[in-house]
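Structures are listed in the sections that come next.
Each of the two complexes below includes subunit A, the first together with subunit B, the second together with subunit C.
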Partner chain A sequence: MKKALVTSLLIIAAIPMLIAVAALPRHGALDTPVQTGISAHYLEFGVEEAGAENIVTDVILNYRGFDTEFEVTVIFTSLAAVLALLLGASTAGATLSRPGSGVRPSVVVRFVVRLLAPFTAMFAIYVILNGHVSPGGGFQGGAVLGALFITLTVVLGGARVAGAFPEASRRWLQIAAPLTFAVAGVAGVLLTGFYLGYPTEVGLHWLRTFMIIAIEIGIGVGGAAIIATLFIVMEAE
Partner chain B sequence: MSTAFDITLLLLLIATALAVARLKDLLAAAVVFSTYSLVMCLLWLHRGAPDVAMTEAAVGAGVTTVLFLIAIGRTTRREK
Partner chain C sequence: MLEALWHNLDYAASVVLFLIGLYIVIAKNNLIKKFLGLNIMETAVFSFIVALGVVDGGDAPIMGQGAHPPFTSPVPQALILTGIVVAVSTTALALTLIIRIYQLNGTVEADELREME
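Up next, the complex of A and B:
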């Protein structure tokens, strides 16, 4: 009885949703707001106005810069919440030991990870630094960098990887993304009078590109540090 | 060709999503969920969003799966 009721309720709820989906414009149709609205402006003037050849980066860091700034703040806040929950419970805090099951990865896994690690790192850095030209940027490169950190920790053991990141610098790495955004924002106030404003004068294009790359690096480093910290804190005993 | 590829991926996506919801073994569910992310990644790539595909592969298939596995290791493997 209850099951029949739930099923019929779900079907009733599904009907308007499916009708709405059927009424959606076709993917890539020319008369949709996506094509007729602001997007056309972005595509035509984005490179000139915002300064990055990759239009996605133009939108993320320039046109919708505030969105992105508070997005990275939200990510940092979520890390803070996880730290407060998990570190509050344990007295030892995040020690980079690798307890787990004590099973070492097979020699094949260890060899492949060690072989690919430098190339993965180089790819991540390329994605971060090239975000204003090609698809990618801080979020993508940071995710790859964080994943690399996790695989290296699993294979080499936490102690060796943690040696590269002293306790004091870790806090700064974790907050890197909101911090660089704030610095770039204040620099924008000084340069143009607007928070997160990018200079548009012809002679200052190098500075605009520099600001974009600096923010990308900040997002990449911060994202990687947050992913790595989540892993460390969850795994630590 | 292109449409057939899309439809195959979408069917695979639905199948893995249903499997994740149905599986009682959480370890198996986590692994199937990473397959879901991988299929999703291919779809993003095919839809012309390589940057989203990259994030999906690294975060969806990689990092979240690792975090799920740790969480399962610290709790229980079977759904109650």
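Up next, the complex of A and C:
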């Protein structure tokens, strides 16, 4: 009975979606609205207007800079909510047992993770710093760096990974992304008169590239810190 | 109709992925599994929107030496990067709420939780 209900519901949901998908312009065509709209402008003038060879970076940090600024605020807010929910509660319900916390990964896993850690970190830094000229950027590199911290947490324990960063610096690392955006935004006000404005004069192109790289580093460090903190806090519960 | 669907097979694959996620959300009882289903639905939407920007034989939208048109549209990719970050945020918050539900009730099965009320 339940199975038939679920199946019929799925079919009812599938039919309009498949009809709509079939009515869309052919996949990969050049004359679709996605290609002829604002994308054409970005592709033609993106490099001179926004300053990065990677047009996706241009869109994220320049054309849609406000969007990205408040997006990094969203992920910071989610971290704040997680900390409020879990740290506030752990004093009350700390008696619950933690199944599986005594299990340690095998020596092979531990050795390989520690062996690969410096290379993973190097790759993450490369992805962050080259986001404006090659595929990558702050979010991608931050995710790689965060994944490195998570694997290290599994192998070494959350206390030791968190202990590598002084208590006072952790809060600053977690809020790094919104903070760099705010600093870059105010710098834009001073330079161009617009919040998050990038200087477009020919002589100031180095400054524009510097601002883009600085924001990428901020996003990468902040994202990695937030991902790592989320995992360490949840793992400890 | 079927021929149009065949041309848009990439979109149809997203629809199938979306339905798999929907099935998990409504059929599974475990809250973590339900949320995994929601994540699969999110992934389906992301892959659909990114597929919208694809051009036949298109390059990545990165200028510089050796770049030659046509280029893939950069706008869907930038939008989906935003979407992925928001998905991570909601996933973290939902998993935290599930942890709290487990701490308070000792279960994450939806029907057992419903009986407790």
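Things worth noting here:
Operating definition for what follows: the second predicted complex is superposed on the first by the 212 of 237 C-alpha atoms of A that agree within 3 Å, B and C clash if a C-alpha of one lies under 4 Å from a C-alpha of the other, contacts with A are read in each partner's own complex, and residues count from 1 in each chain.
The rule is short, and it goes like this: a residue touches a chain if its C-beta (ideal position, glycine included) is under 8 Å from a C-beta of that chain, and two chains touch if they have at least 3 such contacts.
Since the model is a prediction, treat every value here as computed from it, not as a measurement.
In the superposed pair of complexes, A:Arg26 makes contact with subunit C only, with no contact to subunit B. In the superposition on chain A, contact of A:Leu43 is made with subunit C only, not with subunit B.
Of the two partner chains, neither subunit B nor subunit C is touched by A:Ala80.
Contacts of A:Gly136 after superposition: subunit B is touched, whereas subunit C is not reached.
When the two structures are aligned on the shared chain, A:Met122 is found in touch with neither subunit B nor subunit C. Contact with both subunit B and subunit C is seen for A:Leu230 once the two complexes are overlaid on the shared chain. Using the contact criterion defined above for the overlaid structures, shared-chain residue A:Arg64 touches subunit C, although it does not reach subunit B.
Of the two partner chains placed around the shared chain by superposition, subunit B and subunit C are both touched by A:Val56.
In the superposed pair of complexes, A:Val109 makes contact with neither subunit B nor subunit C. Taken together, the two complexes place residues 56, 135, 139, 227, 230, 234 of subunit A in contact with subunit B and also with subunit C. The residues of subunit C lying in touch with subunit A in their complex are 1-2, 4-5, 7-12, 14-15, 18-19, 22-23, 26-27, 51-56, 58, 60-64, 69-71, 73-78, 81-82, 84-86, 88-90, 92-93, 95-97, 99-100, 103-104. Of all residues in subunit A, those touching subunit C in their complex are 6, 9-10, 13-14, 17-19, 21-24, 26-30, 32, 34-35, 37-39, 42-43, 46-47, 53-56, 58-60, 64, 67-68, 71-72, 74-75, 77-79, 81-82, 85-86, 89, 93, 96, 133-135, 139, 223, 227, 230, 234, 237. Every residue of subunit B that touches subunit A in the complex is listed here, in rising order: 49-51, 54-55, 58-59, 62-63, 66-67, 70-71, 73-74.
Taken in their complex, subunit A has these residues touching subunit B: 56, 100-101, 127, 135-137, 139-140, 143-144, 146-147, 150, 227, 230-231, 234-235.
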